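Next come two complexes built around subunit A: one with subunit B, the other with subunit C.
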Partner chain A sequence: MIRVMFFLAAASVALLLSALVQGDYPVSFADVTKFFTRDPSLGVEVKMIVGDLRLPRALTAFAVGAALAVAGAITQSVLRNPLAEPGLLGINSGAAFAAMVAIVSLRDVRPGLLPILAFTGAMIMALAIHILALRRGNSSMRIILIGIGLSSLAGAGANLISAFGDVDRVQRAMVWLAGSVHGSDWADVAGILVWAVPAMGLAWLARRQLDAIVFSDAIVRSLGMPIDRVRALLMLLCALLSAAAVSVAGLVGFVGLIAPHLARRLVGRGHAELLPVAGLIGGLLVMAADLIGRVVIIPAELPAGIVTALVGAPVFGWMMWRRRYV
Partner chain B sequence: MNTLSNSVSSTKRFDRRFLLFMTMGVLLGVSSLWAMSVGSSRIPMTTIVDAMIEFDGSREHLVIWTVRLPRLLASLLVGASLAVAGAIMQAVTNNPLASPGLLGVNAGAALAVVLAIVFFGFSSSSVYIWCAFGGAMLTAILVYALGTAGPGGATPLKLALAGAVLSTFLASLTTAILIFDRDTLDTVRLWTIGSLAGRQMASVMAVVPYVFVGLVGALLAGRQIMTLSFGADVARSLGQNQTLWRLLAAGIVVLLAGSAVSLAGPIGFVGLVVPHIGRMVVGVDYRRIIPFCLVAGPLLVTTADAVLRYAFSSRDIPVGAAMALLGAPFFIYLARYRIGSGR
Partner chain C sequence: MSEPRRNGSGRLRADNLSVAYGRTVVLRDVTLEIPETTFTALLGPNGSGKSTTLRAFAGLVRPSGGSVRLDGRSISTLPHRQIALRVGVLAQGPQAPEGLTVAELVQQGRFPHQTLFSRWSSLDEAACDLALSLTGMRDLASRPLDSLSGGQRQRAWIAMTLAQETGILLLDEPTTYLDLAHQIEVMELIAMLVRDHKKTVVAVLHDINQAARYADHIALLAAGRLVALGSARSVLTAETIDQVFGVPAMVMDDPVTGAPMCVPLSRAVPVRDLGRAS
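Coming up: the complex of A and B.
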């Protein structure tokens, strides 16, 4: 566990450094060290590129990935379903619908307004699922089914807009929805951390409850925990985490599904280890994906959400293949 | 479940089920007739019957035979295939989140169609059919190969993960292309939601054999599918050859879902939702869920398509979106009131 965490943390730092160096405009390692030691001899241009563009962007990518991975781990445990991911809670479709409406239907929406709209859309969806699932207590099955229903409703709305809207705007919405951290600044970093850090802390505090809820409602109840309240609270944490991620980066799929599975292979099922390791893996994945998407077809960019799947899927497939005899 | 806990005698229960199927059958007939009569021009029912019995070459009869009937048949085929395929997927993977698309069928078909447009500039729906079918088949085989690797064979979890991973991969490739290619996006965006507009009789007839084989197979294998849904341990103790039956079930799903996606584009809702409705209405037995899906799937697709054409006759709302708009509220209602706590 300690070894895994250490290795992942070291890998994250190394990746962060290379994210600062790589890109359209060449920056040397010496410049980066100068930046961190606040050397006054560093050029203004380099300082701007590293400090205001690349560093906040890399940090946003990492935070998005970590938030989605932790949210995914919680969802899979609470719903007792290995295929569950945060998107199932209606977060993605709620945010997508809000963003589609904003970009395609409203004229000249201010870019600063999009994250707020997406966050609101996502939270409204999560709340709606929860309220609809609440009838003499809630149940995992009911949350899953109502999540499916509401998601397809919002998805249909977004689809209709994308089918009949102006094609240029639809394409812009698609880019936003594809999950990009392009142009993230320090406000985005703060915007996601403000939600994600407390939510992750609470999730870690609830690790024992998570360990129990994986088995069955009866076990949780026999341990003296109020199952409905625990489940509602955990789902709220998930909603917060993924809504925060969606609002700054759009839809980054796949991380929330895969990072917990990878983490489970590394450290097992106990949530005390699973949550932090999944978070680190998720952060690494998205940061790496953003770096690749940024440098592979300069000057154009591939959105991080797409690269995550394009790179992550073969890696995961290869891991499945290698472990086929285990 | 509801039916099991009721203290109704078994004959009465049988009567009720029989009544349910009769009602749904009649509803399906009525909605099919109605679907043929609504559209950009209203055609009275009597004319439809006339055209079916005695074709006289008038404009209305021509419209019925070349436009309305192919569309109706397509919606019936698509509805039945997707609903039954979804039921089988949920049984085999033992997962309520499974849908026909989980074998990668939809993602593969979409990528194949987009590639065909980008590289060869095809733009007619009759060409899409074969691209989509080919893409769907290839992807499904790949998913199955990846999910089967290893000593356990195609365990539900491995199969589901392989499908989810490969689908995401292909869908991302598709998005990556569409983000940079405006014209292709414009051509393909209606198709990707699922649309039945302008389907020709030849295209419909081309997939009929596959759908037929798939549906008959599904009905015959109901008992084996039920056994699979109990999970590996029970199935083994009952002496079932799981490798064989999982492969057969996957084959049926691919035939059905592949045909559906090539006819109507990637429609997600039916395959996911109709089996759940079935489980909430007729109980957990797949020998009853599959026939239920066979009737309820077409009923949902046909009615959704007809209602939307009736309400907005000037504009062709894609059936994929229409179905979700009409079906989802009903589904949410069922999920809220038919699923007990503690599950």
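Coming up: the complex of A and C.
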């Protein structure tokens, strides 16, 4: 466990450093060292590229990945489905719909307002699913089915708006939704951390509940857990984490699905270890995806969400294939 | 917060208990006291309300009438955790996620003993160790559940319930789907827990003869009502078995233990001269 954490943390730092060095504008390791030691001899331009562009961008990518991975680990345990991911809770489609409405229909949205609107859309969606699912006990199957239903509805709404909207604005919305941390600044870093850090802390406090909730409702109840309440709170945490991620980065798929799987293979099912390790893996994945997207077709960029989808879809297929006899 | 009771049992009783799922009444007016530190078997045909009785005793279903009392307090007013500290439940055909090991499963039994900020203690560890050795699962502790045989898996689940350290154990069909050797193993384990560890055990069983041999008390249920309650000798007669199961049978003495033994009659297979039997 300690070794795994140490290795992942070291890998994250290494990746962060290479994210600061790599890119359209060449920056040397010496410059990066100078940046961190606040050496006055560092050029203003380099200082700006590292400090205002690449560092907040890499950190945002890491935080987005970590939030999605922890949200994914929670979703998989609460819904008792190893192929579940936060998107099932309708969070993505809620955020997408809100962003589409904001960018296409509203006049001149301030850039700072967009994440807040997306966050609100995601939370409203998660709450709606939950209220509908609660009416007769919030069993995991009900949550999944209602989530799928409402997501399609929101998807249809977003499509409707994009079909009749102004082409330029629709394209802006599409780019925003594609899942990119392009142009992330320190406000984005703060914007995600302010939600993600407390939510992750609470999730870790609920690690025993998460360990136990994987059994059937009857078993969980007989262990003394008020399951409906616990499930509602865990879903809320999950919604907060993914809404925070979506609001700064758009839709980054597969990370919430794959990171918890990799973590489980490394440290097993106990959430005390699973949650932090999944978080680190998720952070690494999105940071790596963003770095790859940034350097493969210089000077253009691939959004991180497209890279994770290109890598994630085959991995997902492989996971299904491995489970073919289950 | 009250200390969890370690070995002392608990008193469980149902008064005029009725349970309905939607409009279907599955249990009517059952009054049943579970004697402490004994083994009570619930017997009856499919759909007679055995499992529902057990679930009501565990506080898992809400009575539509009457009440279930645990140490004199209505179980529906007790917090889940307080019930879980006193009553352990083995669900019917329990499922675990793939890859879960026996040790990880058994540790879950400690859930009600832990609070938000408490750490895994030596007490927790000792309870798990004891549960593993009582069920003979110590050597298999690191094995994933899905790699075990049905009997071993069932023992692992019983170990989880034991790690909960409750005075009362409610077991829903603990022997179903097990082969004969494993059935006997589970029954012996239950008898040992009652005798040596002063547990109160209530189990839903299907095998009348195993119940007659191992259980101290038998509650016979049919169509949601309690038909008979008492020792095997007093409850298991040819009349009650015919009445409850609709199976004409002969009751004779088990040649090994002397407990009553039920042998169904047959229409299809020629019956030999029964002159000797009563």
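Keep in mind that, in the parts below, the second predicted complex is superposed on the first by the 309 of 326 C-alpha atoms of A that agree within 3 Å, B and C clash if a C-alpha of one lies under 4 Å from a C-alpha of the other, contacts with A are read in each partner's own complex, and residues count from 1 in each chain.
As a working rule, a contact is a pair of C-beta atoms (placed from the backbone, for glycine too) under 8 Å apart; a residue touches a chain by one contact, two chains touch by 3 or more.
Small disclaimer: the values here were computed from a predicted structure and weren't measured.
Visitor: Clash or fit: how do subunit B and subunit C relate after the overlay on subunit A?
Guide: fit
Visitor: Could you tell me if A:D211 is touching subunit B, subunit C, both of them or neither one (first, second, both, neither)?
Guide: In the superposition, A:D211 touches subunit C alone.
Visitor: I want to verify the contact counts: of subunit B and subunit C, which reaches more residues of subunit A?
Guide: After superposition, B is the partner touching more of subunit A.
Visitor: Could you say whether A:G250 touches subunit B, subunit C, both of them, or neither, answering first, second, both or neither?
Guide: In the superposition, A:G250 contacts neither subunit B nor subunit C.
Visitor: With the two structures laid over each other on chain A, which partner does A:M225 touch: subunit B (first), subunit C (second), both, or neither?
Guide: Second partner only.
Visitor: Report for A:L310: first if it touches subunit B alone, second if subunit C alone, otherwise both or neither.
Guide: first
Visitor: May I ask you to decide whether A:G94 touches subunit B, subunit C, both, or neither, giving the answer as first, second, both or neither?
Guide: Touch partners of A:G94: none, neither subunit B nor subunit C.
Visitor: By the touch definition at the top of the document, which applies to A:P115: first (subunit B), second (subunit C), both, or neither?
Guide: Neither subunit B nor subunit C is touched by A:P115.
Visitor: Given the superposition on chain A, what is the angle at the CA centre of subunit A with arms to the CA centres of subunit B and subunit C, as a multiple of 10 degrees?
Guide: Value: 70 degrees, nearest 10.
Visitor: With both complexes placed on chain A, how many Å separate the closest C-alpha atoms of subunit B and subunit C?
Guide: 7
Visitor: Quick check on my understanding: which residues of subunit A belong to both its subunit B contact set and its subunit C contact set?
Guide: Shared contact residues on subunit A: 82, 218.
Visitor: Hey, which residues of subunit C end up touching subunit A in the complex?
Guide: Residue positions touching the partner: 55, 58-60, 79-85, 87-89, 91, 94-100, 104, 107-109, 111-112, 114, 116-117, 164.
Visitor: Using the touch rule from the top, collect the residues of subunit B that touch subunit A in their complex.
Guide: Listed in rising order, the residues are 95-98, 146, 149-151, 157-158, 160-162, 164-166, 168-169, 171-173, 175-176, 178-180, 182, 185-186, 189-190, 193, 268-269, 272-273, 276, 315, 317-318, 320-325, 327-329, 331-332, 335-337, 339-343.
Visitor: If you look only at subunit A, which of its residues touch subunit B in the complex?
Guide: 81-84, 88, 132-133, 135-142, 144-146, 148-150, 152-153, 155-157, 159-160, 162-164, 167-168, 170-171, 174-175, 178, 217-218, 253-254, 257-258, 261, 300, 302-303, 305-310, 313-314, 316-317, 320-321, 323-325
Visitor: In the complex formed with subunit C, which residues of subunit A make contact?
Guide: Residues 80, 82, 205, 208, 211-212, 214-216, 218-219, 221-226, 264, 268-270, 326 of subunit A touch subunit C in their complex.
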